[in-house]
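Note that the chains are named A, B, C, D and E in the order they appear, and that numbering of residues resets to 1 at the start of each chain.
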Amino acid sequence: MTALNRWLPLIAALLLAALPTVLSSYLQDLVLRIMVLAVFALSLELLVGTTGLVSLGHAAFYGIGAYATVKLSPESEPGNLLILVPAAMAAAGVYAAAVGALSLRTKGVYFIMVTLAFAQMAYFVVHDTKFGGGTDGIYLNLRPVLALGGHEFINLDDKRSMYWLALAALVLTYAALALIRRARFGHALAGIRVNEQRMRAAGFATTLYKWAAFVVAGMLAGLAGFLVAAKDGFVNPEMLSWHESGAVLLVIILGGLGHLRGAVIGAVSFVLLKEALSTPALVGNLLAERWQLTLGLAVMACVALMPKGLIGLAQRKGAGS
Amino acid sequence: MDLATFAVQCLNAVQYGLLLFLVASGLTLIFGIMGIINLAHGSFYMLGAYLAFSLSPLFGPHFVTMLVCGTLLAALFGYLLEWAFFSYLYQRDHLQQVLMTWALILVFEELRSMLVGNDVHGVKPPEWLAGTVALGELMTYPVYRLFASAACLLIGAALWFTVNRTRLGMMIRAGASNRDMVRGLGIPITRLYRTVFAGGVALAALAGMIAAPMSSVYPGMGGHVLIVCFVVVVIGGIGSIPGALIAALLVGFVDTFGKVFFAELSGIGVYLLMAVILVWRPEGLMKRGY
Amino acid sequence: AQQAPLKVGFMLPYTGTFAALGDAIEKGFKLHVDEQGGKLGGRAIQYFKVDDESEPSKATDNVNKLIKRDQVDVIVGTVHSGVALAMARAAKESNTLLIVPNAGADAITGPLCAPNIFRTSFSNWQPGYATGVIAAQKGYKKAMTITWNYAAGTETVKGFTEAFEKGGGKVVKDLSLPFPNVEFQALLTEIAAQKPDVVFAFFAGGGAVKFVKDYDAAGLRKTVPLMGSGFLTDGTLQAQGAAAQGLITSLHYADGIETPRNNAFRNKYAVTYKANPDVYAVQGYDAAQLLAAGLAAVKGDASKKAELQAAMNKATIDSPRGKFTLSPQRNPTQDFYVREVKGEYNVTSGIAVKALADPGRGCKL
Amino acid sequence: MLQVEGLNTYLGDSHILRGVDVSLPAGTALGLMGRNGMGKTTLIRSVMGYVKPRAGTVRWQGAECTGQAPERMARRGIGYVPEGRGIFPNLSVRENLVMSARAGVNGQRDWTYERVLETFPRLAERLDHGGQQLSGGEQQMLSIGRALMTNPLLMILDEATEGLAPLVVAEIWRVIALIRDSGISTLIVDRNARQVLAHTDQAVVMEKGRIVLAGPSAQLAEDTEALHQLLGV
Amino acid sequence: MSEVLLQCQGLTRRFGGLAAVNDVSLDFRIGEVHAVIGTNGAGKSTLINMLSGEMPASAGRIELQGADITAMPQPKRARAGVGRSYQRTTIFPEFTVFENARLCAQAAFARPWALWQSASACADTGTIAHEALEAAGLADAAQRPACTLSHGAKRQLEIAMCLATRPRVLLLDEPLAGMGAEETDRMLALLERLKPGHAIALVEHDMDAVFRIAERITVMVNGQVIATGSPDAIRTDRQVQIAYLGDQH
């Protein structure tokens, strides 16, 4: 039981890798979408679940990653993955470094609001200026490729390549975060979440730790942003809006805070729940049109019945058996 | 900008600030003082606006009576809401409230769409407030806006008094920090919080009713005010009512003059203000000394 | 042999601020289909629906539901320009036929134009331009514009400025505020201070209601005439009440168009849905007409894409708004009416510009 | 006045109280002693209704009230000074006192705001300070004062002298004696066994969730051997 | 005379108009327990807060082994050897007792960049944590979640966490509060053992304990030092008796 539990992420990853061979193109897209959201959610989980820093501006880094991808792609030839991925992560990381340095002076709800403020500023910069293409957003003319020495290894125009790239990103993100949480760094972050005062008294430079976590989370969000830009070939200011930040926060709360699996489960269930509730073929025309109502009620039921999020449910079952 | 225009702009700023304060007052109570992260505040505001829309034909000139009735209805609604959806969340991680209130927004929006449809509506101010006063040679100023400003101040003062000067207010604040201890002193916290929550909903709805004749009534109207309300409450220092007032006025000024001088980037203004203030004073402007 | 039904996918806002518009568009579309006995080009129609939530960042995923999951033959949508742009991209990539029944973003039939992307509404530039023509004709010399700082607003204002300045006037200042901010007082004061001859405004929905009421309450309606693109007063007059009386706007549709075609349409719509049609319903209706014209040419065989699209582009649509054709960029070349608010109606007093075509700048078709 | 019979309480899965019987006649003081972690606080919290006992009964003035909500118990006249003080950090000293002010069950108002301040002059100097800003001892005084403001019939003091200066501790014992004289009962948990025995009528010693020794305080004070074995003094 | 590890001169802290600590100069030496006693609100905790870097001083100077550390941030000070315990229990409630201690031990072996190493497998911190728990008498409870400890046990954990950081200066704020007689004895024995090699500042209201263990006692009243000296001198100091001790001692 525990052994299975331990290897579950790996098994899931292998299953996911095999899926494109059996799935229809639409379902493959759906899974792709979930994986990208999962990367985004995982990046926030490092902040919220692990470090206890609730950010309502995480979409800014996601959006910046996406915009950087589009902006740095050449007009008329495909951009190179080897440049674009680091660039997107770096762009998001740089902004995160600045925002983190300023906002970590504050705590709790104030922190929530300062991160929101910085995200909104980024939002308005892309929304209201020519630079970001205004409200309409901008297109990525050609999807990125992985080219080395004139040879093209991966072309994201191919749906499966895109899928596997996203899967690779998810696996790497998950693994990186799992390592972090297992390492002393992660333990220190957890300590900061529970009792920062004590951590300082013990000798941890907590601000530095939090800042580092903030930057890492920002960079991973940038990675998710890159994936979206490459997948959709289109970026829009709304990617940076607080709705987006809020949505990803909801995903990890729904999944259950404090567990990497929670973030992934949250992403899966959120997308599937909404998808199911708004698909006429599944729930009938009448209900599908009222998906907001059913989704709202479903989430309320989740909150009422599952104090620890969906992961709590899985764990309780695990403990019982 | 000549002096007269400047004066009028200042008046605009103050008036907008007061309106923001009115809308944020309910949030100060529920979020600032009770400590519930309530995303559905905008929905309560919308509820008020739609109440005004559906009640005003019934009440005609008895505008104040309508306000009272609407507020009571909203309070009752809030009372039930707390019982059904919030009473068991206090012991849990605060973020669960985020999820719950977000889900409530969805449900509210859909119910509104089912009950009153998706059209835009206007609400007429009562006859006795419908006039305007002249302002300079070209402009006039609606009397109703002055009425709304006065109402804001009145409500703000009443709220401040209740929270800071009455035992009820002290109990509410005490409950936010240590529920168990409050119970140990013989105060039925469950009922108390239910009532206060109802009060917060009522305030939001009252703000919606007062704002309806000025702002019109339309789907999604709650979402637009929500963030600004949070900004106001937080800049002011969570839980501080005078702080919220000052913050609301500041936001009013920044917004008004931002639009005039930096139209291109005026959206940033309010958030820049918040970021600067919080980086400068990490606990808001008027955080209580303790 | 019995052909399988033609799959039509609606991607429209069914929730949120634009829900009423989405509803009207769908009703309009279905009305025409019903008039044809439930068939277009001899083929039965099967509908699919996706709520676009007016959320551009979800647009690609949402439109893929129609393209990949439901594998529709035609997509009809949407209202929000940002969403429509994302849809245009997806449609282009998958070569799915797209009919835009509202979103006015100039780019859709400009830089992003494609043989399979059609529009039955307008480009943002058009109503702005038409209003500019009216304003110039009225002899106004000094204008100010006011709108939300977003694409639809700035594009409309651009159209207005182009026509107004061509007609000899001068736009002295463009005012704007962030979307969806509705606190206009500061900008109204700015207008009062500058005292232009005329103000051109672009707002829609709740913002339009509030703007018109605030404009009136500030006492400006009597001193500085207000004009706007038709959306300023469409579907909002009941809410705007007295404040909107006498407002002059321009749009490709109006309430008092006394043609048999329009009357028939309005009656039919009123009978079917127990509601009065608006411009959105017309646009939806025409989307169906346009599709019908194309399908008729290929006898219902939607797989003959090139022929279908060519036929659609050549079609003359007998719209309730009056006949229109499509520009090479597939945007309607249509008449724009002068409209004045009287009571709860936008009454037309003639045509501002006949057969106004969008310049289609940047389109490489 | 207070009668506890066969109380069994679980926290999580652990069986903490294993059949506790305690009774406290009106107007007397009962000392509750025991090493750390023996269940003293749990007993008090079971009586107050913060935790629901699995078995056993709690009687207050003859009426059964097992598992009633803490606010009900407080309203019936129990004043509670918890361990760790439970001061409201976001209220000023004045507000901490005023918010809890209440006439007793019999309408008595023996303890007023003024009298509390008289008893703890240190608090009078700190009226406008927030609860958070008080020193540890000041918080303790405030916690006691706050409970007195509810004019209780029974005061439960869980480690009420923790962190208090010797002079103040002496003052607290004096106040307790005073309270007792005015007919209010007290239930005292304190680490200083000698002091407890000196200021109570009856005393019980707990070990691992059971009462292992009970009797008049004076008598227990003699029994040095048992005290040493059970309490380490 | 033994080495002075930590000392302060003219240390002052004001809260608005109130001088909670006023011009206090003290030193703490290796091999000595220096008790700081005083009335409630005398400023003892505030003093410790300043010495440990939790709170900036309004005026004055703090030296660690002769180096000025007045402006040194708390974490750095802690790593330099200044450890403290809190009067109000300050633990990680949701972690196990062992994890509480190990996390504190980890501060000295931070190496946050070593992501490939598992924190729980780190032998050094594990040993230190075990020793600290053993010393504080909590070895049996190591695997329990800290929040399920009784009040007294939490106080013990508080001390263990301070020890786990391996400090050279121990600033203990009422370590005995909430502990029973037996635990008090154990704690005093522990302090006795720690004395060589450590400088210990002990803030405490338990006079029996203070007089048993302290080499030097400083008495504070209203932010000021009113007396410093050997236990016997303090016991008989009239001023101290009036302000603090009463006549019992």
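Rule of thumb we're sticking to: a residue touches a chain if its C-beta (ideal position, glycine included) is under 8 Å from a C-beta of that chain, and two chains touch if they have at least 3 such contacts.
Please read these numbers as outputs of a predicted model, since none were measured by experiment.
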Inset, instruction - Show which chains lie in contact with chain A and also with chain E. - result: none
Legend entry - For chain C and chain E, chains touching each: A
Inset, instruction - Could you tell me which pair, A-C or A-B, is linked by more C-beta pairs in contact? - result: A-B
Inset, instruction - Name the chain whose C-alpha centroid is farthest from the C-alpha centroid of chain B. - result: E
Inset, instruction - Take the average of all CA coordinates in chain B, do the same for chain C, and state the distance between these two points in whole angstrom. - result: 35
Inset, instruction - Could you put a whole-Å number on the gap between the CA centroids of chain A and chain D? - result: 51
Inset, instruction - Measure off the straight-line distance from the CA centroid of chain B to the CA centroid of chain D, and report it in whole Å. - result: 43
Inset, instruction - Let me have the rounded angstrom distance from the C-alpha centre of chain D over to the C-alpha centre of chain E, please. - result: 29
Inset, instruction - Mark out which residues of chain B touch at least two other chains, giving numbers and ranges. - result: 109-110, 264, 267
Legend entry - Contacts with two or more other chains, residues of chain C listed in rising order: 15, 149, 178
Inset, instruction - Could you please write down every pair of chains that are in touch? - result: A-B, A-C, A-E, B-C, B-D, D-E
Legend entry - Residue ranges of chain B in contact with chain C within the complex: 1-2, 5, 8-9, 12-13, 15-16, 109-110, 113, 117-122, 124, 132, 134-136, 138-142, 145, 214-221, 224, 255-257, 259-260, 263-264, 266-267
Inset, instruction - Under the touch definition given earlier, write down the residues of chain D that touch chain E in their complex. - result: 11-12, 14, 34-38, 41, 83-84, 122, 126, 133-138, 140-141, 159, 162-170, 191, 193, 231-233
Inset, instruction - Within their complex, state which residues of chain E touch chain D. - result: 15, 37-45, 87-89, 148-153, 156, 174, 177-183, 185, 205, 207, 243-246, 248-249
Legend entry - Residue ranges of chain A in contact with chain E within the complex: 179-180, 182-188, 190-191, 194-195, 197-206, 209, 212
Legend entry - Sites on chain A touched by chain C in the complex: 24-26, 29, 33, 124, 127-128, 134-137, 139, 231-234, 236-239, 241, 243-244, 278, 280, 285, 288-289, 291-292
